[in-house]
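Below is a structure I'd like to ask you about.
Chain lettering (A, B, C and D) follows the sequence in which the chains are written, and residue indices restart at 1 in each chain.
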Amino acid sequence: MNVSIQPALKSLQTAALIAVVAVVGIFVGYFIDFLITDNPEVSAPEQPIAFSHKIHAGDNEIPCQYCHTEARRSPSAGVPSVNKCMGCHNEVATESPLIRQVSEYWENKEPIPWVKVHDLPDFVHFTHKRHVQAGIACQTCHGPVETMDKISVHSRNNDGPTLLASTTGEIMNSETSAVAATQNDHWEMGLCLNCHKQHDVVDGKAVRVDDGGFDNGLDCWTCHK
Amino acid sequence: MPNIDRRDFIKLVGAGGVGVGAGVVLRESIKHPKEHLIPHVLAPEDYSSGVATWYNSVCSMCSAGCGISVRTREGRAKKIEGNPSHAVNQGGLCAVGQAGLQVLYNPDRLTGPLLQSANRGSDGFTQITWEDGLTRVASRLDVLRAAGRGNRIALLTRGVGGHLAELLESFAEGVGTDQLHHYDYDHPHALYAANERFFGKQHLPYYDLSNTRHLLSFGADYLAGWLSPVHHSLGFANSRHGGDNRGYFVQIEPRMSPSGAAADEWVPAKPGTEGILALGLAHHIVASGHYEGEDINEWKDVLSAYTLEKVAEETDVSESVLRRLAESFANASPSLAIGGDGAGNNSNGVDTLVAINALNYLAGNVGEVGGVIFNPDPAGATSHSRQANYQTLAQLAESARAGEIDVLILNDVNPVFTMPLASEFKAALAQIPFIVSLSSFIDETSALADVILPSHTYLESWGDAFPEQGVGFSIGAVSQPVIAPLYNTKATGDIVLDLARRIGKPMRWDSTEDCIKDGWNKIYQESDANTRTESFESFWTALLKAGVWGKKNHLKTDTSRPNANTIASIGVDAPTFSGDAELYPFVLQPYRSGMHDGRAANLPWIQELPDAMTSVVYGSWVEINPKTAKDLGLTEGDLVDIESVEGAVRAPILVYPAIRPDVIAMPIGQGHTNYGRYASNRGANPLEILSPLVDDNSGNVASNATRVKIVATGKHVEIVKTGGKSRDLGRDIVQTTGGDDHTAQTNSIPITVIPT
Amino acid sequence: MSFLDRITEGWRKNRKPGYYEDFDYHWAMTIDLDQCSGCGACVTACQAENNLPIVGEDAFTKGREIKWLRIEHYWEGEYPDVKLNVIPMMCQHCDSAPCETVCPVSATYHNQDGLNTQIYNRCIGTRSCAVYCPYEVRYFNYNDHTWESPLDQQLNPDVSVREKGVMEKCTFCIQRIRQAKDNAKDDGRRRVRDGEVQPACVQTCPSKAMVFGDRNDPQSQVSQSLNDPRSYKVLDELNTNSSVVYLKKVEAEG
Amino acid sequence: MHGEPNQLKYTDIHNDVVRSIVETGPNYYIALVTAFALTLICFFFPWFYQLYYGIGAAGMNHPSVWGTYLASFIFWIGLSHSGTLLSCVLHITNSSWRKAMYRSAEAMTLFSLVVAAIMVMVHVGRPWFIHWAAPYPNQMEMWPNFRSPLLFDVMAITTYLTGSTIFIYMGSIPDFAAVRDRTRGWRNTMYSLMSLGWRGTDTEWHRLHWAYTFLAVLIIPLAVSVHSIVSWDFAMSIVPALHQTIFAPYFVVGAIYSGTAGIVTVMFVLRKFMDFGQYITELHFDNLGKLLLVLSLLWTYINVVEVFTGFYSGASGETEALNYRLFGFYAPLYWEMIAFCAIAPLLCAFKSFRTSFVPMLVLSIAINIGMYTERFLIVATSLSRQYLPDAWGLYVPSAVEISILLGTFALFTTLFLLFVKVFPSVSMYEVKETMESPKKSPPAASEGSPA
C-alpha cells in the first residue's frame, strides 16, 4: 500500500492550476479596469472643455496663481470663475472652437462643470495656503502640470527628474526647488507623510531636514478632521 | 506540469474568465464616484472659497433683540454666534438663537406662493406665481379700500420692532384700517400696565441685574425666557462674580424654574400670592424704619393690612423667612425686585407687579445703579402700543364672527396655537372670507389661509431692532441678509410695499432696505455733530460692520415719586382661580420651556435639546410633587388627562422634586397639530385648556389661574429623557463651598456701564 | 546605553506627569458652576459647530443620543428644601486618559497640545474607549445619520461627518484651534493670543461661565481661573488628570 | 486499565473509527443541513444586516456600549479552554482516561476559537478595517497601539489558535495514516496528504511523542495567558466591579470550568450518536464529574471574593455596581447563574450522579448556560452603572443579537459535524496504548501501533 504523498499531489495539480489561474484572473481584471476606466492616475478624465495646462502654464508660462488665485490665501486653490477665462479670451483666440464653448457658458451665465481630478477624502484637511506660503512648488504634488494637455493625478512611475515651478512661476529643477519631489508614487497618506517628515518650517519656509519633521506637522490632526 | 487535455483547458479558460470578471466588478464597486468643481460665473468680490465670511445681524427668534454674527462659507450660513460688541448679549446667545439656522434650512419651509384650492384647513395648497398671488390679494384689498371699508381689513403680525413696524403702520394707514395688531403670546402686558400706573411710563425699565447685590425675583424666569434672558444671564453671572461681594438671588415661585435652580434661595409661595408677599416685605421695611420719605405715613396706611403674620398665612411662607428676606432686601444696596410672568399672569397680576414696583421704590432702588433704571425712549418704533392682548384678539374674533372682517393678513403669527380653546379663535377665523398669510411655514393659523405669500427668514431679509427692555441707554441694530434667498420667497416688507403699490397707495420707500436705511438716516441726522461720521453712507457701512449702534444717553429718572392716589391704589387681593377648588384641586402653571411660545418647536435642535430642568426631549410632560404623586399612586410615565373646566389635555406624569403639592406645571411649546415634520402631533399644548379668566387691568388672560384635576388613564408611556438617575449618591460630582469662600470672577465680564 | 535602556527611558519620559507642559500649548477649560444656569445654549452650539447628527426620537428612546456636551442634573434634598445642581459634562481631555491606552489602533491619542484627540477615519469601533472613559462622554455612531435636505447645507465643512461604527467626542473644537494657529502664522506670530480661540460652547455661554485657554501661559485667563480656590476636578480620585476644571458652586446664606 | 476497551481488538477500533468517518447515515446529513441552514439564517443574515445598518441593529446604547457580542466572545474563548489545555495537562500527568476523549475535546478548542474570532468581527463597528489591529508595515506608517489589552488579545488568541491547530493536527497524523490505509478514492488522496506520508517507523513515533509532549508543555501557559489577557480587557478599565485583580484567575477558572462542562456535553453526543460507547465510558464521566466539582468550588470561592471586595470597598461606585448586580434589573440572571454554576454542580459529589450519563449532560448544559450568564452580567451590569449616575442606562439585547448568539452555536455545530467526518474523533493509537498488546502480532503492518 502506498504511503507516499506524491501521487496525491499529482492528482491535485490540475485543480490547483485552475485555482491559481482564477486568482490571477482577479488581479488582472482589477488592473484592466484600473487602466481603461477613468482613473486620474493613469488616464485623465474627460473635461467639459478640453482645457490644456500645457498651452497656458507651459507654452505661455502663465503662473499657476494667475488663475488659481486663492491658493496663497485660502485652503482651497480655487477654480477660476468663467469671467476670468473671458477676461483674456475676449481678445485671445476668440475664434477657436474651444473658446467658443467657453463664451457660450459665459453668455448663458452657466458655470463650467469641471471634473475634479485631485480629490482628497472628506476626512482630510489640506490647506493650499500654508504649503504655497512655505514656498512649496505646485508641481511637488501635482506633477509637471505645465506639460499636461489633459490634467491627471501625477504618479512618478516612469518620468525622470520632474521640473518644478516655484510658486512665483519661474521654472526650476528639483535641485533648486524648495522641496524635491517625494518618492511616494501615489496620491495617498504616505505622500504627505514623507514630505512632512523630511521638512521643517524655518521662518515660514519649508526646509529639508534629516531629523524627522517639525513638531506639529506629524500630529494626526494636522491633516485629519 | 500536468498534461492538460481539452476539458482541463476549457476549465482553465473558464476560471480565468470568471477571475477577470470578478476583478473588474470588484474595482467598479469600490471606485470613487466622479466629483465636479463648479466655479462661479462671476465671482463676488468678498468671496473666497474655503474662507469663512462673517456678517453681523440681529436675532429675531424672540423680542430680546440680541446681536448675532453669522458665519458663512461658500455662500451658505454655517453658524450663528452672539455679536460680542452688542451690549445686550455681549457674545452670548441662547439655544433658540443658535437654532435660528434651522429656521433658514428647515425642510418644511414654504418654497413659493401657495393657493388653497381645496376647502380651508386642508393641505390642498397649490403652487402659484407671485404675480398671481399678489394680484389676488391686492384686488381684494383694493375693492375694500376704494369702497372706504378698509376697516374691514385686519392685520395680525408677530411683534415686529423697528422701522418695519412703521412700514406696517403706514400700510395700514394706506388701506385705511386701524385693525393692526402685533401679537406675541409672552408680551408682558401686565408689566407695562403696572409701570404705567406706578411710574407713569408705558415702558419697560432696565433691570440692572449685573450691579445688584440682592435680587428678589417674583416668578420671573429671567435666565430662561423672561424679557431678555441672555442679558439677564450676563447680569446674573456678573453680580455673582464680577464684583467683590457676591450677589444673593432669591426666587419666589411655586414651581422651580431654571432661575430658581440657579438662585441661592427658592421660596415656594402659593401661586398668585406674590404681590401679597411683596407688600408684606414692604410693610416690614416701612414698619422697621428702613424707609424714611415724607410720604411714609401714606405708605403706613396702605400697607397696614399686610402684617407679616397675615401675609405668612396667606402665602404659606414662614414669618421668619419673610422677615429675613425683608431685612436683607432693605439692607443690601443696591437691591432689586422683579416680577415676571409667574406673578403677572394672575387675576391680580397688575396689582402684584405694582406692589413689586412699590417694594423697589421703598427700598430706594428706583433710578439707582443695580436697581430699576429707565431707558431713554427708543430711537426706533416699538410695538407695544399696537400689542394685542387677549381682549383685543377676543374682540377681533368677535367682529369676525359678526362678519365685520373681510380680509385678514397674518404675518408669522400663530394665535390659533397660543389662544385658549375657550376663545374659539379658530372658529372665528373660519368666518373671515379671505385670509392671507405671510408666514414662512405652514402652522396652525396659516393653514387656514386662502393665500400664503411666504416671506424670507430673518437671515435673508432686512430689518432692525431696538430692544425694549434695553440696556439702560439707546441701542439698536440692523438685521441684514446674510445669504441669498434659498427659495422663491420675498421679504415681508417688500410684499407689503408691493401690495401698497398695487392698491395705488405707494409708500415713500421702494424696498425694505430703503425703508430701514431711511429710518437710520433720521437717527444719523439726530446724532450729535461731533460724534457724527462724515456721511450717512460711511455711517451705514460702519453700522452694518459693527452690527450694533448705541448712544450713551441716560435718562436719569426723576424717580417720579408716586402721588398720593397712586399709593392709595396699591393693594393686592387674594388671587381668584377658575374652577372649583374641590373638583379641580390643582393650579396649572403653563411655563415657557426651551420652545419659546411654541414657534421653536419645528427646530430639530430644540426638540433634541434636553429640557434645562428635567432633561426631557421630544414631547411634553406634567410635573407634580413627589408627595402628590404618591398620594395619587402615579409614577413617572403614567399617562394622565389634565382636565380643566374648558377641556383636557393628555400627557405623561413626571415626578418633579421642586413644585408645590397643590400645583402642577406643564411646558408650553409642544402639542402642535400642523407645524412641520418635527413638531406635529407631539406632546400636548396646555394653553388649550386655559380658561379665559382676564385680568382687567392688563386685558390679558391670567394663564396661571386655571384649576385642573388629574385623571389617570391607566396607560403608561416612556418619557424620553437623556438623564439617568439624577441623584449624585454622595459622589461629590457637583461640589459646593461655603459663601465665605467666594472669589471674584477671574474672567472679567464686559459690564454695561451705567454712568449716573 | 543598551537598547532596552533607551526603550525604558523613552517610556518614562512619556509617562512622567506634566509631560505635556513641554509642548507649545496645553489647552484647558474651567467651568464656574456658580455661574452656570444649565440653560443648554452650549449644547446646541456644540451641535451646530461639530455636525452632531439629529438622531431622532427613536434613538433617544434607545439611549443613543449624540451630545458631545451634555448637562447633568443632580437633585439634592426633598421639597421644600430642594436644590438642583447642574454640571456641563464633556470630554475632560485627561492628560492620563484611560481611553487612550485601550484603543487597539491608536485612533485616540494625546497630541502635542495636550488634547485628547479622536481620529474618526482610523476608528474601527471596538467601543472600548467608551467603556474605559469614566465620564461617559464618548458617543458611538450606531448607524449612518442623515440630514434632511436642506439641513445638510448647514454642515460645517471644517468638521468631517462621522460614518456608522465610529466613536466620536468633544474635541475642544480643534478646527477652531487649527484656524487660530493658521491666523497666527499669517500675522507672523508664533503663538495664539489668549482668548483668540474659543470652543463653540465657551463662545456662546450666556453667563460666561466657561473659560478656555492655554494652561502653559501663566497670564492666560484660564491659568488664573485654575488657581481659584474653588477649583476642583470631577472624579479626581481616578487620577485621570483632566484638563477641564470646575469651580465649586457657592452656597451662600441670605 | 479496565472497562470495555480490554475486550476490544485493535482492528475493532480501526473499524469503528473508520466507519464513523466513511459510513454516513441520513441522520448525519439531516443534522448537517439543519445546522448549516440555522447558521445561515440565525448567524450570517443578521450579521450582514448589521454590517449594512450599523451596530444599531444590536441593542447597545450609551453607556452600555458593549453587549452580548463581547459576552459570547469571552464565552467561546472560555469554551476553548476545555480541550487543548485539559488534554495537555492530562497528557503530561499521564492520565490515560484522557486518551479516548481528547481528540474531540481539542476539536472543540479549535472551533470555539474560530467562533470567538468571528465574534470579534461581529462586535466591532467597522470590521472592514479590522486589519489595522494587526502590526504590518504600511504606507500610513501606522502601527497598532501596543499598550492596548485588546491588542494583547489579538496576539494571544492568534498564538493560541496556531498552537492548538498544530497540536491537534500532529496528534492525529498516525490516525490519518491509519484511515488512509483503509480508504479508497478521494478520501485516500486526502488522507495521504494529511498524513504527510506517515509510515509508523520507530523514529517517527519517537519524534512524534517528543514533539507532542513539548507542545503540550508549551500550550499550558499559553492557554492560561490567553484568558488572563481576555480578562484584562475588563480589569484594566476603571469601571466599578470590573477593575479587579481577581479577574485573571477568575476568567481562567471560569474558562476551564465551562470548557470541561462543554466536553461532557460533546462526550455524551459522540457516545450517543456515533456509538463510541466502548471508548467513552462511565470512567470518563466520573473523572470529568470530579473535575467539575473542584472547578465549581473554585469558581464559587472567587465569586464570594468578588462580592466581598465590592461590599468591603465602601466606595459608592463599587457598592452600587454590586448592589445592582445582586438586586437590580438583571438580578434574576445573577441568581440563575449562582444556582447553575455554584449549587447544581455539588451533585457531582456523588459517584452515582457522576457515572449516570443523562444527568451529567443536563448538568453540563446548565453550567454552560450559567457561565454564559456570568459573561453577560460582567458586561451588562457594570457598564450600565458607572461613576456618573446621570449617565446611567439600561441595556437589553435586540433580536439580532439573540439570533446571532444562537447562530454561533449552530456555526459551532456545523464545524464540529464536518470535523467528525474528517478527523478520527477518537485517537486510535492512544486508545490502543491503553490496551494490553494482543497475543499474536497485529494483522496489518502499517497500522502504526506502538512497538
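In this section, a residue touches a chain if its C-beta (ideal position, glycine included) is under 8 Å from a C-beta of that chain, and two chains touch if they have at least 3 such contacts.
Computed from a predicted structure; not experimentally measured.
Under the contact definition stated at the top, the chains bordering both chain A and chain D are B, C.
Innermost chain of the displayed assembly, by C-alpha centre distance to the whole-protein C-alpha centre, is C.
Note: centroid distance chain B to chain D, computed from Cα atoms, is 64 Å. Chain centres here are Cα averages; for chain C and chain D they lie 42 Å apart. Centroids of chain A and chain C (each the mean of its C-alpha atoms) stand 36 Å apart.
Separating the centre of chain A from that of chain B, both taken as means of CA atoms, is a distance of 53 Å. For chain C, residues that reach two or more other chains under the stated contact definition are 65, 72-74, 109, 122, 235.
Among the residues of chain D, those in touch with two or more other chains are 387-391, 393. Multi-chain contact residues of chain B (touching two or more other chains): 50, 615, 723, 726-728, 733.
Only residues 121-123, 125, 127, 129-130, 204, 215-216, 219-221, 224-225 of chain A touch chain C when the two sit together in their complex. Chain A meets chain D in the complex at residues 1-5, 7-9, 11-12, 184, 186, 188-190, 193.
By the touch criterion given at the top, residues 53-56, 59-66, 123-127, 129-130, 132-133, 142-145, 147-151, 154, 233, 236-239, 383, 386-391, 393-394 of chain D touch chain C in their complex.
Put simply, chain A touches chain B in their complex at residues 10, 13-14, 17-19, 21-34, 37-38, 45, 70, 73-76, 78-84, 105-106, 109-116, 119. Residues 62-65, 72-74, 89, 98, 101-106, 109, 122-128, 130-132, 134-136, 139-144, 163-167, 235, 238 of chain C touch chain D in their complex.
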